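What follows is one structure encoded as structure tokens, with my remarks underneath.
Chain nomenclature is as follows: A, B and C, assigned in order of appearance, with residue numbering initiated at 1 for each chain independently.
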Amino acid sequence: MSLSHDQVQRLALLARIAVGPGETDAVLAQLNRVLELIEQMQKVDTRGVEPMAHALDLRQRVREDSVTERDQHALFQSVAPAVERGLYLVPKVIE
Amino acid sequence: MLNASLSEISAALATKAISSAELTRLFLDRIRALNHALNAFITVDEERSLAEARAADARRAAGSAAALTGIPVAHKDIFCTRGMLTTCGSRMLANYVSPYDAHVVERFARAGAVLLGKCNMDEFAMGSSNETSHFGPARNPWDRRLVPGGSSGGSAAAVAARMTPAATGTDTGGSIRQPAALCGVSGLKPTYGLVSRYGMVAFASSLDQGGPLAKSAADLALLLEVMAGFDARDSTSVERAPEDYRRDLDRPLAGLRVGLPKEYFGDGLEPGVRRAVGEAVRELERQGAITLEVSLPNTGLAVPVYYVLAPAEASSNLSRFDGVRYGHRAAQYDDLLDMYCRTRAEGFGAEVKRRILIGTYVLSHGYYDAYYVQAQKLRRLIAQDFAAAFARCDVIAGPTSPSTAFALGAKSDDPVQMYLNDIFTIPAPLAGLPGLSIPCGFDDKGLPVGLQLMGDYFSEARLLNVAHRYQQATDWHARVPKDAPL
Amino acid sequence: MSWEIVVGIETHAQLRTRSKIFSGASTEFGAAPNTQASAVDIALPGVLPVLNRAAVELALRFGLAIGARINRRSVFARKNYFYPDLPKGYQISQYEAPIVQGGTLAIALAEGEKTIRITRAHLEEDAGKSLHEDFHGMSGIDLNRAGTPLLEIVSEPDLRGAHEAVAYARALHALVRWIGVCDGNMQEGSFRCDANVSVRRAGEPLGTRCEIKNLNSFRFIERAIEFEARRQIALLEDGGRVEQQTRLYDPERDETRAMRSKEEAQDYRYFPDPDLLPLVVSEEEIERVRAELPELPDVRRRQFIARGIPATQAAQLTSSIELATYAGLALEGASRGTAPAIANWITGPLSAKLNERGIGIERAPVSPEQLRQLVERIADGTISGKLAKEVDDAMWAGEGSADEIIERRGLRQISDSDAIEKLVDEVLAANAKLVEDYRGGKEKAFNALVGQVMKASRGKANPAQVNQLLRVRLAG
């Protein structure tokens, strides 16, 4: 299983990482190396094995429904790239 | 004092032989002298450290000293610290100051520790050599031309070079144990869930676990008591009664069953590593331990499994770095999509981007079952291997890394070569098991070799006991690196 | 051959919790931007989600109310996509193992009841809001809503046409408010629907569907589906084909259009959220929630129908627990046959007045018992329908019960034949011109005469008797 240029560009778009035309070859080669490595998994027959998502077999805990947070937006927004009137600013969102 | 154990430092502070301010000054001077060469710290704030030290002295004078009062500790730069940079070794967070403290940072503060600074690391903890750090690699104090290992390479180098008495690290696939081995220090990765992940910038959430790095197992035990503890803010934090990890340190090893996985002693092992680890096993036997061969048959699959699961989780965990609420934002862009793509292309380094792309791929439509689900199934088989082994032995011993420290740049062109360096440290986090690495000798080049001990869930006290007994009989852990003489 | 319009509805019902699903921030509506967005909600590095117990209980309550299967073990998954109002770059939702699966909702149609199958209902978090007013060519992001608990309720494509879709949405809206899981406030976005619309010729397999997003009123649901169906039919009749799309309804233009942001094919890369463990629900928990469930609207609706109230009106009366409670009390002990009239009075004059004054039925000044008495006085001929309005106004003004007001104001209807005869004769004598017109074939003149008699009686004469007597006299 190896990736094509188009696939790399599609992954890059899904992941929102610009991969310039000059970089695609190098990225492709390295991704294919890694895919070769993980391809080794396919040789094992895992029928009947339950997938393991967590190291410990524990249940989700719940918290009580109470408001414990106070307004800290000024502090939080002190590290934001662009803010106005309490809002985070981003390039125009088009729906 | 630079070379003293935590209990020695504690005693000196208690008897007023030294003040925390003096002690902190000592380590800050050491950092000043060595950091330009070793690059173990990303951030040091002398004023803040000294202020904390003076406050600790005042508390001690007032008679309220806690376990670590006045003792300087450095944090891996993955732990969020209020009022001090938390960069995670990335350009993305190069100027990021967290508005809150990580649970681990809080616990050290509550125990009285003085925050000495933030240690260098592979970017977002992705790497085994510290070379992926945006701030340049930390160097190995045994030979500055070599890597310190990673991702907690700065923490390991700082402890090895005696720039700090102790440091925190995180381990996802070996990021505490491997740099500990390569730098000749002791490092512990606890059972998953023992140390809260709250405020630890996430890499692979189901694997990440914080833990201590120090000069000895006894120090690790004390540090683990500070770090471990239930935290309601982390859903994966385990509710357990606090444990005294020093209680069994001196317990004799007679009758201890030590499993030696045959897969850990195969062909890929450097001769120097094989010799030192073999010698260490014989020391355990001399102390009455019984060794037996065990098998962890799926060890060879651990690296492929890890490089599906960890990038998958990482690809999602790192989506929040989008230039909207914090962190780097590209200066120029055409529109929203372009802002995202450029911000992330500029903010992340090559290895992080590679793993995000791999993770995106293995989760994408049509590949999910073949990669992600298959990896989760193999993860179970790997965990079952350990369960079978621990039915026959109390601890598993083997090499931490197949090689000693390697040269900067030696493996950075081939990601897979780099990944395979973690073959012995990846299985434990996949199973969620605790593991530690302690120095067990040197190879022909004079580079430290690490002995890895793995145990069943929550068997940290036992692992520390074995490590401590070993360190009582050897002095490998007390050796000072030649490129950072005292 | 005619077209069949097939609709499935996905509803996002905001769960009535004080705090968010994974953080302790308030869910209160209308706060200043980002003042209710906690570290977890804005996805600061290092933060982690912890599940709100109330969100789980409300989901259980809904599942039990629709007779669904409760998955004893459900799993939270991450739905990955980039959007500025989605701080983590993924939404925590449930994918393969939702907490509620199956179940049904009955909707009342004029032709009878129809059972709509529910596919699933799962817990998830809401996103923030993008404000499109202009900030020097930028958009503003408010994350107060981010992390608000939602129950996404997905129906099977069992609905045929806009009318059924609206009936379903109304029934669901009534249910979630009835059982207290959602406040149902559509203006504030607490109850939003997406409609999956396709068309086919009878007997054919399902056509390609388009999803219309964020319909926040029943009227918009109806209009959007109608427009979308027309659009698809026109396409197909022109020999074209429908493309699977996500579309937005524009109420001002009354049309749907494709969403630009969704043009790029999505791949959400769902996978179990490693920060959250499997959600396990115990039998005891389920039984406790079941025991707390009120009697459901279906049961009440069927009771109303059994008393002779038309199905759609019964549905209207069960659109809220308060209204149904009022109607139930008003109908209690009502004499046989007056139930429909009581229902009419509630959905008619009473509702109109409540709306006018903007007050809820639980604060209506006229009690259910008072209303019943009024309707019964009309039915038994004590007062005329016309005077009933006067009595009603007096009751609203707090003048007492219908009987008291009728007595005090002397509004009792005159049904005494002698008295009416006298009035009729007087009117006939005084209106020779009208009598002449009527006899000349002008039917209108008759109505004018009736009016004169009623006027003379100050509205109290029994109109049926007046009619009858007038006919007799004029014929004579």
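Here is the rule we use: a residue touches a chain if its C-beta (ideal position, glycine included) is under 8 Å from a C-beta of that chain, and two chains touch if they have at least 3 such contacts.
Not measured: the values here are computed from a predicted model.
In terms of Cα centroid distance from the overall Cα mean, chain A ranks first.
Ranking all chains by how far their C-alpha centres lie from the centre of chain B, first place goes to C.
For this pair, chain A with chain C, the centres built from the Cα atoms lie 40 Å apart. Each chain gets a centre from the mean of its Cα atoms; for chain B and chain C, those two points are 58 Å apart.
Note on chain placement: the centre of chain A and the centre of chain B lie 23 Å apart, centres being C-alpha means. Multi-chain contact residues of chain C (touching two or more other chains) are listed as 39, 42, 44, 50-51, 82, 84, 141, 267, 269, 274, 276-277.
Residue numbers of chain A whose C-beta contacts span two or more other chains: 13-14, 16, 53-54, 58, 60-61, 63, 72, 76-77, 82, 88, 90-94. In chain B, 96, 99, 206, 232, 235-236, 315, 319, 322, 324-326, 336, 340, 360, 364 are the positions where the chain touches two or more neighbouring chains simultaneously. Taken in their complex, chain C has these residues touching chain A: 17-19, 23-26, 32-39, 42, 44, 50-56, 75-76, 82-85, 130-132, 135, 137-143, 248, 259-261, 264, 267, 269, 272, 274, 276-280. Against chain C, in their complex, chain B makes its touches with residues 79-80, 86, 88, 93, 96, 98-100, 102, 197-202, 204-206, 232-236, 312-313, 315-316, 318-322, 324-326, 336, 340, 360, 363-365, 368, 372. On the side of chain C, the complex with chain B involves touching residues 39, 42-51, 78, 80, 82, 84, 87-90, 141, 267, 269-271, 274-277.
Residues 3, 7-8, 11-19, 27, 30-31, 33-42, 44, 46, 49-56, 58, 60-61, 63, 72, 75-82, 88, 90-94 of chain A are the ones that touch chain B when the two sit in their complex. Chain B makes touch with chain A in their complex at residues 95-97, 99, 192-193, 206-207, 232, 235-236, 238, 298, 300-301, 303-305, 307-308, 315, 319, 322-329, 333, 335-342, 344-345, 348, 353-354, 356-358, 360-362, 364, 370-371, 373-381, 383, 414-416, 419, 429-433, 457.
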